[in-house]
Amino acid sequence: MMHQVIEIGRTQTPEAVLYWILGPLAVLAALGMVVVKKAVHSAILLAWVMISLAIFYIAQDAVFLGIVQVVVYTGAVMMLFLFILMLVGVESSESLTETIRGLRPIAIVAALGFGGLLISLIGHATLGRSFVGLTDANAGGNVQALAGLLFSKYVWAFEVVSALLITAALGAMVLAHNHRIIARPTQRDLATARFRGTSLAKAAGLPGPGVYALHNAVDVPALLPDGTPAQASISATLKARGDVIDSRPFQLSTIESEEE
Amino acid sequence: MNMLTSLMLLPLIGALLISAIPTTKSLLAKQMTLLTTILVAVGVIVMTLRFDRGKTDLQFVETHSWIPTFGINYSVGVDGIALVLILLSALLAPIVVLSGWNESNGGRWSAKTFYILVLVLETMIIGVFSANDLFLFYVFFEAMLIPVYFLIGGYGTGQRNAAAVKFLIYSLFGGLLMLASIIGLYVLSGEQGAHTFNINALSQLQMSSTTQNLLFLGFFIAFAIKAPLWPLHTWLPDAAQSATPGTSVLLLGILDKVGTFGMIRYCLTLFPEASKTFTPMILVLAVISIIYGAFLAIGQKDLKRLIAFTSISHFGFITMGIFAMTSQGHSGATLYMFNHGFSTAALFIVGGWMMSRRGSSKISDFGGLQRVTPVMAWTFFFAGMSSLALPGLSSFVSEFLVLVGTYTRYPVAAIIGTFGIVLAALYILIPIQRSLHGPTMPGNEALSDLNVREKIAIAPVIAVIIGLGFYPSPLLNIINPASTHTITQAGFTDPLAQIDPKAGK
Amino acid sequence: MTSNSLVYLIALPLFGATVLLLAGRRSDKWGHIFGTLMSASSFAVGVYLFIQMLGNSDGQRAMTQKLFNWISVGSFQVDAGLLVDQLSICFVLLITGVGTLIHIYSIAYMSHDLDRRRFFAYLNFFIAAMLLLVLGDSYLNLYVGWEGVGLASYLLIGFWNQKPTYATAAKKAFVANRVGDMGLSLAIMIAFATLGTVSFDGVKEHASHASTGALTAIGIMLLVAATGKSAQFPLQAWLGDAMAGPTPVSALIHAATMVTAGVYLITRSNFIFDLAPNAQLAVAVIGVITLLFGAIIGMAKDDIKKALAASTMSQIGYMVLGAGLGPAGYAFAIMHLLTHGFFKAGMFLGAGSVMHGMNDEVNMRRYGGLRKFMPITFATFGLGYLAIIGVPPFAGFYSKDKIIEVAFNAGGIKGITLGSAALLGAMITAFYMTRVVILTFAGSKRWDDKAHPHESPFLMWAPMVLLAFGSVASGFFFSRGDSLKNWLEPVVGGHMAHEAELLSPAVVSILALVLVVIGVGFAIIKYLLNEVPQVAPTDVTVFTKIARRDLLQDDFNEAVFMRPGQAITRGLQTADTTLIDGAVRGVGRFAVGAGNILRTTQTGFVRSYALWILVGAIGLVATIWVVTL
Amino acid sequence: MNPANYLYISALLFTIGAIGVVVRRNAIVIFMCVELMLNACNLAFVTFARINGNLDGQVVAFFTMVVAACEVVVGLAIIVTIYRSRRSASVDDASLLKR
């Protein structure tokens, strides 16, 4: 082969370039993931690490896995993470000050020791000095070869894993299922509640934002018949962000009326 | 089907039937339990009659493969020693049920549960005495603890939980040591042939003396806890104090015999050399038990604890007889196990009636019962006489055989042990004087004497104690071949009388 | 020879006891008659056997009956067998004869007691056990009877056990007896270990082959047994307290029969003692110590029964001394035992009769001048008195003087010492027995007006008369032509070749008589010619005080055995809870404590658990690292 | 270049993930760190597959992905459930295991 390795235990130079660019980036991203305050940022950095890994997979003749990595991990799993983050609250950011005494120094020392040990182990190992390469194994195509293994040697594990997937799906459904504590209110119940409530103010339903207001926009509170802005008509999120534009009351001309 | 297996299944079937009846029908549960235990007793008596007294090997043998991977068999069979102990268990069980008719009332659970536990326990006991496979023995040995644990913890009095836990942990500790030894034997058997738990095969193993000593200790400590031998005895007084009288009878009368039975069956058979090595030490412990138990019994203020300490003294005698390595000592020890079962049963049963009537187990609360309840006082007195080994009662024969058998080989141990005779008089007569004699204490005037059920329950016990006192041959004939066989297997012969014709004058 | 009727001797009274105990209150009406009948029929069987024996020649008189094989393990073979020979038949007749008389006496004596039926059950049981003791053909069979009589004694001393002191006395008797029993069981063990058998025949046959050391050990242990049962020094303390039992019991058990079992045991074991001179000497020494000990206590006692009990102790001392003198003394020991059985039982019954008439008063200082009110009692008691102090031709003269004579002739210093002590004892006996008689029957009345002394009913005095007859005539009868000695010869061995006698019988008799007269004289001077105070004077010498305290026997036992025993018990109890159980609970506490410490690592924060996992992983990797490099 | 170099990256990533698991309190971030550790392992497997010249390592990596997917599904469902009742995704708040 023309691209035969020059020296045993060495791959071609382009891969080294790839490695030296993507590797540090991936490590940096991973570090960032641990360090940043906001969970969303962590998620995005993780996605970057995963994509880097996918590229590494492909570079190492694991084309199928690289694709799966992108589709399943970066696509599905990360989306799931982000989805849950939305559910739980995007804005939730934790303070990075440690509450459990002594945990962080021990953790960092332990992790450094662990990493150091691992790396020195790898360094001592004689791995890769004479690597075989997947050229033969992938001769009929990577996907075909994997499928051959999956449906012959690993068929039992494959089936078990499939059962696990189904179980996990079922389990997630069971866990996420919301048990009703009280009976679901009927329309009749809702109507009764509206009219028997503490005041009749909400009996007619809340106004949408922007109604009778200066602008017909979601960030402008509706005006009540007396000209005061109805704060309740605006989404709590907008309010919390401080994105409410105009909540000035409308000055009505005085009309003599005794009606209430 | 084999008799032993059927006899083991019978109480289990009874327990299953009882579990099917409603909780409220406690009377029916009692009647069914009584019926079952009587059936078992009849079965065991029939088996005893069919036992061939001339043979020394196991009889009624039955073997099925159980877990072939590990060479574990369901294998049962009895020799004379085991048969006598099974007979003891089977005879005492109906007496316990009948005498403790209302014992389950104060319990945490229903009467039904109590009797199910008793029946399950009976199965285990028969199993543990008849097992011929070390693994099977271990299973019964440990499983036996569970019904007792619940019987003490669920139906006892006072600090029953603490006592039950103490009992369980003590026994489990010993059991684990034994398990280690059992595994050791199993591994050795694999190195020297096929992996097996068969006792006969295991007794043929070649072992270095260190190995043998260590394995022996594992077994011996387990049995010494069960027996209980000083200084591993402290669970017994607590358990006896907290348990109901019926449970105490099962515990001290039958269950603890597994310890001394195990010493004969396993320690001596499997490790004859180690047994020889440790004999002096064990004899010292046995003698200490005799004296120590007696002294502590003298000092007790609680009737149940007192009986427990007398048992510690008696178990000292049994252990001494076993390790005297003479046929008199062995036969005496085995007979002692049987007789101690009955005399302790009598003490606990009658003492239990006294305590339940008076509502207290403190000896000082009694007094002058002889005047108020003559029959009860008489039976208690009789039980006491049996416990102090009055000649003419069964325990005398066994105690004397033990002493004589020990004397021929280890005179010093026997002489010190004989002091136990004097102390026995004290620890029996002091409580008898305090509880039966003297003026009637306030609170005792209206106690009722024994009723018909109680008389029926205690009568067989008294009959056995007197009968075997005068005519122990039926049991001795069963025991003798087995004990001689064990002695021979362990490599001993009886010492000869020391007549020296030349010294004559 | 074998006989089938031996077992009835025991079975009849045993049957009586069983029936009376099982029938309970239902037999209240006829229980006493039934019990007496059972005892009497046993006596009849005894007489029948005796006559049968008389018809046989000397060597053929012993009869055996094997009932069944009792214990059989290896070489330890014991049959339940009975043996009646010339020695046992004496006892059989004494036990059943005196026993029956005392049964009859008790019918009247106990007539007011609600539990009379139970009393008769115990008496029957005692007769059966005592017969087993003397009829057993091996030491182990004897042992059964030995403890049986101990039990009967316990039950009868504690017959009125609602009184705490009586219950304590019963317990004391049983425990002291148990100490003796320990000796007996050790003797049996040694016998089996050395001779390989425990039957009388077997031991007799093999004894000569055994070493002297072993025989001495057996002998000493038998002596221990005898001291326990026969209230000999140092196990004598229980006898005085045993007087708590009803008086017929004191007469039968604690005077005539049970307490003499030790003498029987030693005599029966003559084949051992004869080969173990040291043990035999020990027997004689114990006998002498006890005869003086009892006599000294007897001088100080005001309680009539306790005075008689001390006298019993002393008289048994004579018997033990006799038995310790070897073949020359056995027959006289037994003779004294039999005559003593008559006169002491008679005197105890007399004491009972006095108490019966005096509202159960036992203090002799509150008697006085009773001879007018109880002539028959006085007469019978007086005859017994003459017998015990050894006035010829009453029974005691023949038996006691013979023992003294044999003692003197035992040779050397030993003979002189033993003989002099025995003579001294005779003088003291004369003194204290005279004192008893004078205090009770002579002098002026010292009782208060509540007492109405009267003669006892026929059923009580008839047995006393019969026993008095025995105390008059038995000595003469036994010694005429050495009849008893010849009768016993096949069992206890014959006459030894007479060595040079130190003192001839006549000299001994004269010496003894002189001393007796001196003793009687002292007593007359002190108690008849001087006023006797109603309350014992307290300004007495320290010796009197010690004698009144039973020569400090109880104080000794208390200080040497009881208090240390109690201390040991308490100490062991503390050790048991603190050390042994403490160690056990310490293990538990250690586990809980360790758990508490380790539990602090369980913060509940999942992250700290994760950290520990990480640390564990480091450990794992490090291990791999170390192992692979 | 020696393919073993990938192993160094794998080790670094794994360690970083481990630190994250221990240090962070937000359950979702902890989860992401776990995913990072799994991915690091996958990289090692793929590298091993290449070094040894057979595809078994890749198959294992594939299974890891599937199992990781399962884990994420169930884990996130648990987080949601906890959040629903405790209004917090901090793992320190769910420390009921302590005494």
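Letters A, B, C and D mark the chains in the order given here, with residues in each chain numbered from 1 onward.
Following the convention adopted for this analysis, a residue touches a chain if its C-beta (ideal position, glycine included) is under 8 Å from a C-beta of that chain, and two chains touch if they have at least 3 such contacts.
From a predicted model like this one, the values you see are computed outputs, not experimental measurements.
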Discussion item. Quick check on the contact graph: shortest path length from subunit A to subunit B, in steps?
Written reply: 2
Discussion item. Of the chains shown, whose Cα centre falls closest to the middle of all protein Cα atoms?
Written reply: B
Worksheet, complete the sentence: Here the gap between subunit B and subunit C, centre to centre from mean Cα coordinates and rounded to Å, is 36
Worksheet item: Cα centroid separation between subunit A and subunit D, in whole Å?
Response: 14
Fill in: subunit B-subunit D separation of Cα centroids, rounded to whole Å
60
Practice prompt. Compute the distance, rounded to whole Å, between the mean C-alpha positions of subunit A and subunit C.
Written response: 102
Worksheet item: So which bits of subunit A are touching at least two other chains?
Response: 100, 103, 107, 110-111, 114, 118
Worksheet, complete the sentence: subunit C touches at least 2 other chains through residues 603, 605, 607, 611, 614
Fill in: subunit B partner contacts - residues on subunit C that touch it in the complex
21, 24, 68-76, 80, 140, 143-144, 146-148, 151, 158, 161-164, 167-168, 170-171, 174-175, 178-179, 181-182, 185-186, 188-190, 192-197, 206, 208-212, 214, 275, 565, 568-570, 572-573, 576, 580-581, 584, 588
Item to complete: Please give the residue numbers of subunit B that touch subunit C in the complex, ascending.
Response: 166, 169-170, 231, 233-235, 292, 295-296, 298-299, 326-328, 331-332, 368, 370-371, 374-375, 378, 385, 390-392, 396-397, 400-401, 403-405, 407-408, 411, 414-415, 418-419, 421-422, 424-426, 429-430, 433, 436-440, 470-473, 476, 480, 483-484, 494-501, 503-505
Worksheet item: Taking the complex as given, what residues does subunit C use to touch subunit D?
Response: 599, 602-607, 610-611, 614
Discussion item. Using the touch definition from the top, list the residues of subunit D that touch subunit C in their complex.
Written reply: 18, 21-23, 25, 30, 91-92, 94-99
Response to the item:
Note: in the complex, subunit A contacts subunit C through residues 100, 103, 106-107, 110-111, 113-114, 117-118, 120-121, 124
